[in-house]
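Notes follow the structure.
In this document, chain identifiers A, B, C and D correspond to the written order of the chains, with residue numbering beginning at 1 in each.
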Amino acid sequence: MAKLAFLGLGNMGLAMAANLLKAGHTLTVYNRTAAKAAPLQAQGATVAATPAEAARGAEAVFTMVSDDAVLTELVTGPEGLLHGLAPNAVHISCSTVAPTTTTRLAEAHAAHGSEFVAAPVFGKPDAAASAKLWLGLAGPPAARAKVQPWLAPLGQGVHEFGDDPAAASVVKLCGNFMLGAAIEAMAEAFTLAEKSGVGRQPIYDFLVNTIFDCPVYHGYGRMIASKNYTPVGALPPIIRKDFRLVLDHAQQLATPMPLAQLVHNRMSTTVARGEDDVDWTAFARRVSEDAGLEA
Amino acid sequence: MAKLAFLGLGNMGLAMAANLLKAGHTLTVYNRTAAKAAPLQAQGATVAATPAEAARGAEAVFTMVSDDAVLTELVTGPEGLLHGLAPNAVHISCSTVAPTTTTRLAEAHAAHGSEFVAAPVFGKPDAAASAKLWLGLAGPPAARAKVQPWLAPLGQGVHEFGDDPAAASVVKLCGNFMLGAAIEAMAEAFTLAEKSGVGRQPIYDFLVNTIFDCPVYHGYGRMIASKNYTPVGALPPIIRKDFRLVLDHAQQLATPMPLAQLVHNRMSTTVARGEDDVDWTAFARRVSEDAGLEA
Amino acid sequence: MAKLAFLGLGNMGLAMAANLLKAGHTLTVYNRTAAKAAPLQAQGATVAATPAEAARGAEAVFTMVSDDAVLTELVTGPEGLLHGLAPNAVHISCSTVAPTTTTRLAEAHAAHGSEFVAAPVFGKPDAAASAKLWLGLAGPPAARAKVQPWLAPLGQGVHEFGDDPAAASVVKLCGNFMLGAAIEAMAEAFTLAEKSGVGRQPIYDFLVNTIFDCPVYHGYGRMIASKNYTPVGALPPIIRKDFRLVLDHAQQLATPMPLAQLVHNRMSTTVARGEDDVDWTAFARRVSEDAGLEA
Amino acid sequence: MAKLAFLGLGNMGLAMAANLLKAGHTLTVYNRTAAKAAPLQAQGATVAATPAEAARGAEAVFTMVSDDAVLTELVTGPEGLLHGLAPNAVHISCSTVAPTTTTRLAEAHAAHGSEFVAAPVFGKPDAAASAKLWLGLAGPPAARAKVQPWLAPLGQGVHEFGDDPAAASVVKLCGNFMLGAAIEAMAEAFTLAEKSGVGRQPIYDFLVNTIFDCPVYHGYGRMIASKNYTPVGALPPIIRKDFRLVLDHAQQLATPMPLAQLVHNRMSTTVARGEDDVDWTAFARRVSEDAGLEA
């Protein structure tokens, strides 16, 4: 068993950290809002006052936060984990961030003499809780080999993407984009079915049990068919940020992604209207509204 | 065992008709190009010279042809099946056509006193051959009940969509649209991964074995990842026609479908460039070209 | 002075017919709703009971109606103008219709031995009233030469597009598309200016008096800047039909027109929501709504 | 006559600086590549070795450079103009940059005690040479009043947009966007006309001499009709950058701009393919290619 740290205790981070504890690891945790750490403390975790303090003495430090700025501060800020991390320890970055952010963090670690891997996760909070996440992993081979056993308790599989940590960030962004694409597709199809008199539920039941029989279509499709966009897996502004990262990255590579732009636009409208009590899947409402429904 | 007829012996129709023969039914077949009927004749089918002749004496007549005009001629033309169909026999329409075409055929059958159901199929020729199709079914309840046993040998399940035959045509169009949407999504994601240095194959391997683990993503994704758009399941002009039907139907219902338009545009370019030796999935090339690859 | 007929007395047709009367021509008119002919009758026009009756004895028959089906009936229907038109007389078709409709009418005239030109008009009802329309003209050279003097009183210029009447219909559709494109462009720009705190009116005032100093931007821009979409020049469903014709024609030629699709979608939403008391320019509201304004 | 400085001597800056000299002002100039200053030196300008040196003693300093990073360095860099600018002197920023960049520069000037206005210009290099530019102007009222006479020799009119300098940057970005929108509209219309057999030139001649009779449509339309995208007014990467600024700003304000995205995509493809010897209008080629022409 290892001495680990976990920074960032949102819905995802809390569940992931709990699974590390369950696996028998010694865990120090940190969160900006310290109260969130209480349940983990009850399970045996030590609560640190700063990222640097949490990192001190850890073999590996996980980070799982909401955006690039928060992550950068957590690592390189005045109380950042770099100030506590031992030279031979490794930072496991699980957040969804820009590939360029990942590259900058890798450079900071190289300068500091510590190791760094990106290990973004796929799955909602309930998948995190039940250790059903899927993980990507990229970074120097030795670091990847070292962290594999610490990632195992978090999910059902780890896929490696080579030596460049930014590659894992790219994969994560592409995956989130494809989720949004599937939502848009179902929203358009179900809306046409509704306006045709077929109904949303019958076409959902058919498609997800035949040619689109995979968890993504089942889970998001259920919300779109029922127009009930709860429970909240991720709020619209969070995933809108992910789409911005996709489009910024695509822009830098001169790669047009019109479908990503379409979904980004839907989410911008959702955010502009202040729909902040629903899952991000609720951007499907835009499709209905455009057809004169729900307006 | 019943006396059935099958009209339209393309790649799909041939395989479906063969499965009806295998199930023990007596089968009369018809195809514009009669030579295509030879393999079925060898398996025991009778070959008719006209649709009307094929329909004569049949309890049910299947049709599986490439577009609305061909189907309409096959049914209501001077030698159409209505001229041979007995009043209590049923026409099982399996083609992908406009909901309005389906409605017009239903009206023609009502006037003629015969029965009519729409039973569009999902799956490629290899799925047809191995009786792995999925079928939709809509039409009057008694006719639906009557045809169920004749549909059973064709696939792995039949889903019913109520009394209006046009509903099944809507579902079929929506399903094809969602396939194209998935292709566009993978094409954009894999192109971004390629330009990022991640590569198309690694992201494909990851996504289709985790959150997008369903046959559609495996099958189409393999082509998109490898840029090898063979074997041909359906040619670009055929599926482009399906997207035109989707958009015409959406237009009539004042339902904007920007993602369907995007895919339709990709296919129009594919057809305009005369790429006629590849599967329709090859519209994914457009995404690569727009990013400066393959141009 | 000639003996002319004018069929179709909507806002445009009424004004155009009045200008033919003012020019000194003898005019017979027809409209489905006969009451609309009253003002022209007061100005000296004869009112006919059917299109055929109106066409009888006329050197030229103008038609100006709202869609392809109405025009086709007016020409080839049981009481259509072909039943009254003399073999050496000419039909001047001013409506916005599909190029294929124009071609079919040309064929009907060829079979009948009469002449046919397409002469679509650009301009709102007030431009029609003040004889400020712009006209396109296409058809056989002799017929074009013959009709030029009769077109002169309607506008400020006639541009010829060759021997194929369908060419003029193409030009008309393209022109209407470009109007919609300009509206979308202003709607996006003014909305961004509004959300930036610049305001809609200042950016409008600047752009239309500098680099976009032409009537289209002045006129439509005034509505978009003020968000006051009156007076009604043309209702949303009318121009939505024009965009459908553009897209149908583009589809037949495998020519993607994503901007035309975007505008068509805006208008479909406008129609789906039943906004039927505003000028078609009101589709600009969709842009505001998508940004969280006016929702 | 005033003592002025001009920094940034590209095609636009050179012509603008020459007009300030012609108007009788004393001018010091600076350019990274000093050789570019030679023609102005021949006309009486003094050449400075650094931005700071150029700014020393000037009543006003104009800047006209290609992007935000270059401008920021020019102002706040180690040899930036702030190091030479007198407290009561004014910086007139003419470049097309992000509103946020403009705001940051305004803040830097406020801290330094100097004045700052944004005065972006509309027009190609030939318009700059013939003093036919249109200028926007925003900033503190006193500064605006002070700079008006120095802007007069550059163009045919100055429009004011209030106290916030960022407002002028917004207007400039919106204007450039609307140019791209007009190009896309013409490209789609002319391509449809070409594929319809009408031809590009006839529809161009008609539309720009009737309802779209303004310089933008004449000038850009001539290139699109002839498919001859020279002379180069601005290279594709330069204007692509402008569209990125539009979309970044729109993103920050949650304002979907699908037409701006469409044009940005066209330009990304143009840049990805390395088409760097043509005017940015050449993105119109993408529309032709999508229709199977020029591929």
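Convention: contacts are C-beta pairs under 8 Å (C-beta built on N, C-alpha and C of every residue); 3 or more make two chains touch, one makes a residue touch a chain.
It should be emphasised that the depicted structure is a prediction, and the values quoted were computed from it without experimental measurement.
Between chain A and chain C, the least number of touching-chain steps is 1.
Taking each chain's centre as the mean of its C-alpha atoms, the one that lies farthest from the centre of chain B is D. Counted by C-beta pairs in contact, the busier of C-D and B-C is C-D. Note: centroid distance chain B to chain D, computed from Cα atoms, is 53 Å. With centres set at the average Cα position, the gap from chain B to chain C is 40 Å.
Chain centres here are Cα means. That of chain C falls 38 Å from that of chain D.
Multi-chain contact residues of chain C (touching two or more other chains) are listed as 254-256, 258, 262, 265, 268-269, 271-272, 290-292. Within the complex formed with chain C, the chain A residues making contact are 265, 268-269, 271-274, 286, 289-292, 295. Across the complex, chain D meets chain C through its residues 99, 122-123, 134, 136, 157, 159, 161-162, 164, 166-167, 170-171, 173-175, 177-179, 181-182, 184-186, 188-193, 195-198, 202-203, 205-207, 209-217, 246, 249-250, 253-260, 262, 287, 290-292.
Residues of chain C touching chain B in their complex: 244, 247, 251, 254-256, 258, 261-262, 264-265, 268-269, 271-272.
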